[in-house]
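Okay, so subunit A shows up in both of these, paired with subunit B first and subunit C after.
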Partner chain A sequence: MNLREGRIGKQEGLCLAAISMCVVGLFTLDPDFTYSNGNVSYVTLAIAAILSLLVFLLVSACMKRSGYEELSEMLEDTCGKVGRSVISTILMLGFAFAAYDPLARFVQVMHGLFFSGVTYRMILVFMLPSIIIIAWMGLETLGRTAKCYFILLLVVTLATVLAAAGEYESYRLYPILGCGLKQGMQLSLSETVAFLPAFTALLICCKGLNGHKNMRNVGIYAGLISAAICAVIQLLLGMVFTYSELQKLVMPLCRINHISIDEGNIMRLDKIAQIFWMNGSMLTGAFYIYAGSALFSRSFGIRDIRPVVVPVGLLTGIFVLMEFGGVLSKNEWLSHLWISAGGAVFAVPLIVSSLISLFKRNENTEKNYAKGV
Partner chain B sequence: MGEIKMSFFKKISEKLAFDKPDTRYELLEREKGDPQKMFGWNDIYAQGEEAARACPSSIEEVEKELKKIFRTDINKDVIFTKLRAGSKNILLVHMNGMASANTISEYIIKPILGLNESVCPDLDMLSECCIEIAEMHRETNLIDIKLAIMEGQTALFLNGEPMAIILESRGYEKRSISGAENEKVVRGPKEGFNESLRTNITLVRRIIRSDDLVVETRLSGGDNNTSIAIIYRDGVADRSLIDEVKKRLARINIRMVFSTGIIEQLIEDSPNSPIPQSLATERPDRTANYIMRGGVAVLADGTPFAVIVPITFSTLMSSSEDIYLRKPVGSIMRLVRYIGAAISILLPGYFLALALFHQGLLSTEVLSTIVQSRKTVFEPLGIEMLLILAVFQLIREAGMRVPGSIGQAIGIIGGLIVGQAAVAANIASSMVLIIVALSGLGNFCIPDYSTQLAASYFRIAFMIAAWMGGLLGLSAAFMLFIAYLASLKSFGVPFLAPYAPKTYSKRPLILRGSIKMNHRSEDYINAACDTLPKRSTNE
Partner chain C sequence: MQKASKVILTLVLCLSLLMPMTACMNPISLEKYGYVLTIGVDEGEKKKYEITLELQRELAGAEQNMGPGGVILLSEQGDTIFEAINTLYRRLAFDLSFARTYAFVFGKKIAESGKMQDFFEMSLEKLRIRQSAILLIAEGTAKEFLGGRNANNEANATRVHENLLQSERTIGETSIMNIGTLFESCEGRRFDVALTYGAVDDKIVTDAKQQDIASTGENPIEDPKDKLGGMQTHMDGAALFDGWKMVSKLSAHDTQILNIASGRFNSGSIMMNIDKDLQYVILTKLADCRIGIEMDDGIKADINLTLSITIEQDPTGELGRTWEEKGKKMVTDYFESELERVAKHCQEVNSDAIGIGRYVSKQFNSVEEWEAFCWKDIYPEIEIEFNAEIVLGDIYIAITRQ
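Now for the complex of A and B:
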């Protein structure tokens, strides 16, 4: 077993990535956009996961082929120091935004279902410091905490969908694939935003995952598992709510058992499940903040990521406050841009850098041949 | 101004150890070679030990030196006995009370005085043909001789010889072996360690009759020169782990080391953590169990506790009785213990969160019972819970510091009379009393005393978090707690192993594994692969 500092095993990496992908895939989809002409999310999410996985596999293969141990190395070699700094900053902002998205949704849900009497800011006071502290503690802590929570989240989710078993009706899926192929593909591309940040975070943590082979395996399993979970749960959601009902619900999974769970003596499954999912969103936020900080600090030559974690975490908090302060809702173009092209923020630099690395390697090989190395 | 600002930020940065590589111990460093010995086992003089001093050959000079060292002008404990052995003079030095007077007179002085006047004895002759003591060795360093005398051994100096024979004559009073007071079991050995290091080593050796058992003894780093012993199985325990234990022990440089309680604080990865990262046990069988599995035990003279490293969270939650009972029974006992621990830590906070913030999660019956029980209580629920928890801690502390039967009486008085009176006086509600009592019971399910105390502190922290933020606060605190556990390490071994990270030892974390698997290696401590003796192919 590996006991090296700052390294995590395959299971921990898998849990961390799968939690992040599932939380974003299940809770942060924009209902207006996703369910506008019918519910095909159970197909589009799976396609989005596969597309993201393909991008991840391309980048990881290029990294391995060219012998880059970290993503920042590849960015520097392919885009130069300035290019790397620019891309790292963009990706760091992307991670902060990706962390903000589930956080804001859960703050909203906690406010609506638990603490309607307090402000959003008060709820954020409990969530944000915890996220920053966990991110500050590093990859080992993140991975191990995720592993502890993964089983809990799986059990809670399973119990939730089983508790609503009496409500599933297949007719609610009508119109089946109603939105058409073109919109389906558009949705799939936009939903890559649920998976690409986690895959990019894995690429950043390549060394922490003990190298390319482990990272690739973790990515493949995490992608497939989360694609399966997201698709199955979206299908079940589609069998409980019609697409027009889903359009009006913020987090449909949080409502799935409202209709089936009666009052218990000392707990209610739906509320407890929400608390656990909120913990999942906090872990996701911590992972993204860690990844963003790690890339940024490596790119700017900061040896310790901890001084970067706090500002990135605070930036995430500022995004949440902007959302509830009405700043983001006044500038809706930003949210729309994120929903429709958020995946591109991560995919484009990665793909471009990978392709350059392929050519660069060929050049290097030719030079080496010429030198007789 | 700018300079002041810079130095302030530099100080903060140094304090938080930014920009410094993590120098914590990593077991797998052996991949790149053994860990560096900064203050290694063999070069430990840096920790404050005196430099070696050669023993004079004349016994008059030796007497003068030792009298100076022991301050005999004011310190009358050290006994100097001058004898005539044949044609030569002998000086015997021992510490009154530490050495057995009977042993000295019967087996050292009597045979020496029995020597013929014509004999010219040397050290070989004395040790081989005269003195009737089984254990003896020679020392040339006056400092080591001094330490031996202080331990209760007798130093014999022969005039003209620049060395001493150290004779085993320890005979101080000690407590006999009695039961393990704090780790009682229904089934299994009853004996526990006592304060004598020698006896404790024997107790372990009696269980592990294996030729690979190694007991390394040395002095602790304190000024009081307590003897400590490091026990491990050579070839089974990881070499870098043993080196690391020695390295950390060698770094100890404080005024006094009285017990393993002090040692464990000085060698742990995170000494400020409320959760211990080493196991303190007074049971020889438990110590032997961990040594057999590849752990390292540290014993100290004067302490009836062994410190075992490395450990994981599951070690703290297991009892020695687990393996003496059948697998299903042992597993259920462990499960009950984990449930008890969860109740102990979370129940007061959960109750407070539901009662104060999320009444919707309670049924009407439960809610009306709470309201009914709190109708006449005047203080807020949070204050009431905090007060009762504080009273519970008081009763517990008071019960522990007084003799057995009175302690039990305090528990009963505290539990029944004070509780009853508090309800009657409208200070506390019966519901809160039940919650605190249940949480206290759960706390006693935790087998390790230090972990029990840590759990009771975390319980209060969770309660305050729930008081402030309901289930949101409680869940955030719980998540931080899990993250904190995940960040802890015991000598480089992650605290939540073998679950997170997963290991190949296949030993379940909560349920007890099969006894047949006990020979399997504990891969998270890098113990040798399979410790089962190899059978010959003929069998």
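Now for the complex of A and C:
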């Protein structure tokens, strides 16, 4: 099979997963939903990362215990071929939606801050082919590009938040954790949508990551690093904007340097930072498109991933166009459903499949024991 | 060989790093655009607003007329800023760019009517205006103010702006706040803004006018009573706001006191008028400002300030000589009474320009409770107490120099 998987090391995998998680965690949270009852995102995002990591560790342990080399094998063994095809299709759609989210936000911001004279479609025309090309080239390209890019993104983000150093005020965080425990947990569960797609993609690319042990380590480090980065940046954002302001701001990190009176050259470099972050979102989109396509190809026995990558990429583009064409805003329930329960699209099939694999393994062990094998 | 390649690589790297230090690569851009530095907003006669734009425009061969930092003014009426700009475009031969807009000036009338909220419904991003743009209130109209400011064409617009920021730090008689702070105050309702208040004095004979008159061979000072030099505008304290609405005006001295109370003061000379004939001048630095809130029996705000002072003018010499016995208490009492007076005035006009609400909000555990609390309804009734600790910078100088 030509899944263009190749082999990548821990660092490449870690960078790829961490970029994906951070981009979604920092740029795609729905402002109204996240900040309507105060700003607790610096806690809920960390909890969401830990919850997602636990799901990942459960599935990873089940895969290792039962000797599955990658996710589609486990899905076939636990749910049957038909079940696997259904779940793969759902996950592929989930990945396309997960790729659409950061892409749509960045198209919107690029339009708002750079190219207001052109339509969203024109901006998408430049971004989408690049994403499809990177996904087309496979996991190895994705991993190595991410490795080059991770440090750059980290430096740019660090420079951005340091440039706003004079603006941080702790009073803006108050009332601290003011939304209550119940809503905090609801937010944490909903925010798993930022982390679960990347963890699922790692499970799909288990072979490309050189097996279970490497994949597990990559997942753990990526999850913890992303949780820390997201929590710290959200905390800093909360010290620059009050929750009432955050409710109205799309991608507040892009605006963190817009409010300082003491404007210097570094404050005016924010547009360069946005270009870097946009490239991060494109890498995230490509990773999700690749992972969705790989799972779909394996499940349906398609021997080459390339004919699948293009339609999945185009599907992602269609979602973006649907948003800007007003189709998604007319059907708000769909985006609300994704915001509040998007994580379930990934978590439910993974958890169910893992539990079945656990019981199945026990049954097999008992049968073998009875047979005296 | 390896060493040589390292040297070459280092040189290439150094040269690449030097490249960003070269000059503008697109020198024609300045001629193509008119960069809007300031936007003035007044009530229009026929339309809702009258918009005045202060432009930095470097026309070829026009430097002699406008000076290196010279500006020109454009104005038009419109129901929105977009309408005014579109109408303006009909008579312009260049594009307008708002990427360098650093200030909005609102006429007093429009500030008092609360129409600033309506004005800021517009999308700042659509015009590429950043929330860092500062806000000024003009005593008459913004158009007059901008005209007066540019009556002296020698004044470099960027330097005027920088000087404004500098004067807040070194004198403290202004209160520089930007659009971001205004939005935060109006949406969060934890504090109110105090915006720099500017006025025009068209009797001032500017440097440029003196030069013009002198070039005709006449005495540049036509009337000895005229004020000479500088711009025709000056900063005259701060405008107090209750949300989006201007509710009062503070003098330059009261603005210093407000800045001290709110912890925004850096340093500046305070005129301490004891009576009509006796004025001490005290260079004051705000060393520390802590606001404590007690909510047991009504709301009480304790504002503890540490002020480090240097006596600049002591006409009787008494203040320095009797510092420990008498002088310290006199200065302490003076500051506390002034702070209480300004705070009282802020409460009377329901403007939390000191920002006590920021500390009150820390007492709440849930957003629901804080939003139900309605801080601004309670604010006029709260008790505010100031405790000033005065530290004399150099007692030796205070005793001997006068």
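Going forward, the second predicted complex is superposed on the first by the 359 of 373 C-alpha atoms of A that agree within 3 Å, B and C clash if a C-alpha of one lies under 4 Å from a C-alpha of the other, contacts with A are read in each partner's own complex, and residues count from 1 in each chain.
To be clear about the criterion, contacts are C-beta pairs under 8 Å (C-beta built on N, C-alpha and C of every residue); 3 or more make two chains touch, one makes a residue touch a chain.
Just so you know, these numbers come straight off a predicted model, no measurement behind them.
In the superposition on chain A, the chain among subunit B and subunit C reaching more residues of subunit A is B. In the superposition on chain A, contact of A:182 is made with neither subunit B nor subunit C. Using the contact criterion defined above for the overlaid structures, shared-chain residue A:110 touches subunit B, although it does not reach subunit C.
Within the superposed three-chain model, A:149 lies in touch with subunit B and out of touch with subunit C [touch as defined at top]. The interface of subunit A with subunit B overlaps its interface with subunit C at residues 263, 267. Contact residues of subunit C toward subunit A in the complex are 102, 125-126, 128, 130-132, 134, 165, 176-178, 180-181, 183-184, 187-188, 190, 358-359, 361-362, 364-370.
Residues of subunit B that touch subunit A in their complex: 16-22, 24, 26-28, 354, 357-358, 360-366, 469-473, 475-476, 479-480, 482-483, 486-487, 492-494, 496-497, 499-504, 523-524, 526.
Note for the complex: subunit A touches subunit C at residues 37-38, 112-113, 116, 169, 171-172, 174-176, 178-180, 241-245, 248, 255, 258-263, 267. Residues 1-6, 8-9, 11-12, 110, 114-115, 123, 126-127, 130, 133-134, 137-138, 140-145, 147-149, 263-268, 271, 275-276, 278-279, 282-283, 302-304, 306-307 of subunit A are the ones touching subunit B in the complex.
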